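Both of the next two complexes hold chain A, though its partner changes from chain B to chain C.
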Partner chain A sequence: MLNKGWDEFEIGAMLRSFDGPTSNIATTLQEDRPYSQSNSFTASVADWRIEKPVFNKDYCIDCQFCWIYCPDMSIISRDKKMIGVDMDHCKGCGICVEVCPTNPKSLLMFQEKEDEDTVLAAWPEKEDKEK
Partner chain B sequence: MSEIKKIKNLKEFSTSADRFEGANLLCPGCAHSIIVREILNATNDDLILSSSTGCLEVCTAVYPYTSWDASWIHIGFENSSTAIAGAEAMHKALKAKGRLKQDRDPKFVAFGGDGASYDIGFQWISGCFERGHDMMYVVLDNEVYANTGGQRSSSTPIGSSATTSPAGRVSYGEKMNKKDMLSIMAAHGSPYVAQVAPNKWKNMIKAVQQGLNIEGPTFINAMSACTTEWKFDPADTVAISDLATDSLVFPLYEIIDGKELNITYRPKNIVPVEEYLAAQGRFKHLFKDQYKYLIKEWQERVDSNWEYLQRREEARV
Partner chain C sequence: MAFDKMELRDIEVWDGNFAAAQALRQAQVDVVAAYPITPSTPIVEGYAKFKADGYVEGEFVMVESEHAAMSGCIGAAAAGGRVATATSSQGLALMVETLYQASGMRLPIVLNIVNRALAAPLNVNGDHSDMYLCRDSGWIQLNAFNAQEAYDLNFVAFKVSEDHDIRLPAIVNQDGFLTSHTAEGVKTLSDDDAYGFVGDYKPMNDMLDLDHPVTHGVQTEEDWHFEHKARQHNDLMVKVLPKIEEAFADFENLSGRKYNLVEKYDMDDADVVVVCMGSSVETAREVALEMREKGIKAGVLGLRVVRPFPFMEIAEALKDVKAIAALDRSSPNGAAGMLFNEIAGALINIDTKALLSGYVYGLGGRDLTKAHLTDLFTELQANVDAGKLTTKQQQFIGVRGPKLSFL
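And now, the complex of A and B:
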């Protein structure tokens, strides 16, 4: 299907999100879903990113602000805990960093090429609030 | 199945399994997908969805990919409302004849941009509401035809610079006032209409759950900050939305049965409208000496609208 030319497309097309039967998607987590090849979950927009968010779980308070405001379903939360960023679908908009309430922030933006362990080691210290 | 999903706090909400997938082609920082996620996660019911042509449709159904994990259909620019109304009518008919293979009661939701709802699809929406289909119509109101390059729609506010109403030496941009869609839909006799914003997620979920569980056509107007056409940094989507709701440019309220108006969010500190305007590139020209009087007019308009809403809430008419 993916290799069709422009003049071979069907005029009215139906795409299936899943391969095989699914009973209740609303309560099935992403890792348990039988995604089909035509679901955009199997695609990646990682090359859109200029900066990437890096998650430091030492400072995270699991408030889930990043989860609710992420426009790309890229914050992975399981059992009320934030466990990481989905780097296949993150477009690097930076909303998660803006809404992070901790001090210092537990999510920060870095250049795509930077090494994650190095930036985690040099994480900024707690800033004093201006009075 | 049909019981309301209980969401006490954000931690509990975060256990929801998203039915809208990543790697869609919406701009980084687009509020559309924040709104869609909040709406789809507000319920565990089966969903039947449709979208009008617009950013949301174009970016989530790029052949050979789909970003929707629920039944979803797109037909034309104007008819997401009638497409879903047809599906609803069919479901009702098959159920009455006992020909449904599975006895499940899905919810019917149509999405449209402000262009598809305020202008192009208006007649169709009006028809659906008059016929009284059991559906919910959601407007993703970004105040401009963002998908085609920023032409003005009837939702574009005064003073905004759009490609068909550009600001310059002789014009301050858009000259028409924003259409009051909520009052129009309430006047159709809709049992529930509400204005919501993605940054007030709790408010949004409450409105959506109420809208889905009331029988009859319900209408949700969701403010959707557009990073491309409102011209602000993608990371500031939530901050701009906060400014919009706290400056009362987008007051959040609901109208029940066309009569009872309730204000659902009262900001603790009301922010001057000037701050909201200054944060966006589309209002940049208003800060030139020539057009500065418009900022004062903006503030007066917002104040009088807020006054009107409060008085209407008190009067219950």
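And now, the complex of A and C:
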């Protein structure tokens, strides 16, 4: 697509979301949708993230709060089970961490450069909260 | 469809504004998003009344500014409706940012501009400053010299603009007050004939086609922007004028009224020619006939299509003329006038020795009188007789104070 000439694309500042017609798209899982090459789903739009969320499944209760609150649909959940974060689209806003209700949190923000296994191994302990 | 038809007499007494409003009704425009401004207000007011009275099935959206008016039109056009609005002067100036959005998004919208001066000083009367303001905006621009043409050209505008080979918005210009508020006999089309000419709106890439989701108004940077602009310019240069001629031919078959990309009056053997736009064309035609009685072979070239500029047609029409006056009803503010420049460009590479001079006239609604034009034709003939320009290349007509001439 990038190398198309001026006479080779559809007119208008217009891009198609999918290749060909679609139906019931709202009930089709993302991985099953015929996304077009020009759809941002097929591109990484996360290169300006400086902090990343790391998911620790040991504490997750699958409450789906993060999935609901994520402003970029970057929380991957299937059959109401939290699977992880779509790092090609997550901008690192931290809202998922903020809304996570577990103790300790199942999602925490770390510097982009930090190693995931290392931070998972050093995950914080449960906090004692005043009754 | 749930609306009443209107019985029109063969000839109605309408001003340019009402003629345009009737055309919007007969085209059964789906959405008019508008903000009022003198002297264009009666066009959208007229559509609103037709809608309130059940003569049109559509939506009238009263918005908070002209910027919002065109933005509403863009949204409605992207959604897949037949869309129109009207504005003038400062309103158009506020709209300009969105004009480029509309044409770049290749959305067919018909905009009636009732031409009016641009402030400061504030002025509600007619000149072509606003028309010139958006001349590079990528819109098709048609030019009406009277109320009849304001009516007819609206139909042509819809037909060309909405064509799937074109998909570019179109402006219909008419002179503020001189045309917009002057009642004259207008030959009408029946509702069925008018709608039949324009045809049902055929959506293209519309947002309401849920089986084919699209994103409109995308961002492109250095990787794609140039290709989009090149495509738009190509289509304006290559496709639009033939499509307008096709629409003019169809319209002639329907109405008997013939339009051309450039309108030639007494041009066959003309030595001296005035090129102008708007209602001035009619005054110039009358004076040209009077000059011929005095032995001066005068002609008039009226610009029917301002954009795309009919470069080749202008060159062809003027190739045998000896002296040409380009009349610009807008202050060039530090340059030769737009018409002067465009005509000079059309003539520079052809075999002509024509003498070209530019005149700035009629700013803020100042009259262009027959006496002005008589002097002008006489001056052109003096240029012919002398074999060179006897004046500077740019002059002002009808302004008080010491004579202004430049270049």
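Keep this in mind: the second predicted complex is superposed on the first by the 119 of 131 C-alpha atoms of A that agree within 3 Å, B and C clash if a C-alpha of one lies under 4 Å from a C-alpha of the other, contacts with A are read in each partner's own complex, and residues count from 1 in each chain.
What we mean here is this: a residue touches a chain if its C-beta (ideal position, glycine included) is under 8 Å from a C-beta of that chain, and two chains touch if they have at least 3 such contacts.
Note that this is a predicted model, so its numbers are computed, not measured.
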**Study point:** Partner chain in contact with A:Ile25 - chain B first, chain C second, else both or neither
**Key:** both
Practice item. Give the label of whichever partner, chain B or chain C, reaches more residues of chain A. Key: B
Exercise for review: Applying the touch criterion given at the start, work out whether A:Asp7 contacts chain B, chain C, both or neither, answering first, second, both or neither.
Suggested key: second
Exercise for review: Return first, second, both or neither, reflecting whether A:Ser17 touches chain B, chain C, both chains, or no partner chain.
Suggested key: both
Practice item. Using the touch definition from the top, say if A:Gln111 reaches chain B (first), chain C (second), both or neither. Key: neither
Review point. What is the contact status of A:Asn103 with respect to chain B (first) and chain C (second): first, second, both, or neither?
Key: neither
Point to revise | Footprint overlap on chain A, comparing chain B with chain C | key: 2, 4, 9, 13, 15, 17-18, 25
Review point. In their complex, what parts of chain B are in touch with chain A?
Key: 10-26, 28-34, 37-38, 43-46, 60-70, 198-199, 201, 227, 233-239
Review point. Which positions of chain C touch chain A when the two form their complex?
Key: 104-107, 167, 205, 211-218, 220, 223, 226-228, 230-232, 234-235
Check your understanding: Taking the complex as given, what residues does chain A use to touch chain B?
Key -> 1-2, 4, 9, 13, 15, 17-18, 24-30, 33, 37-45, 48, 62-65, 67-74, 77-80, 86, 88-95, 97-99
Point to revise | Partner chain C, residues of chain A touching it in the complex | key: 2, 4-7, 9-18, 21-23, 25
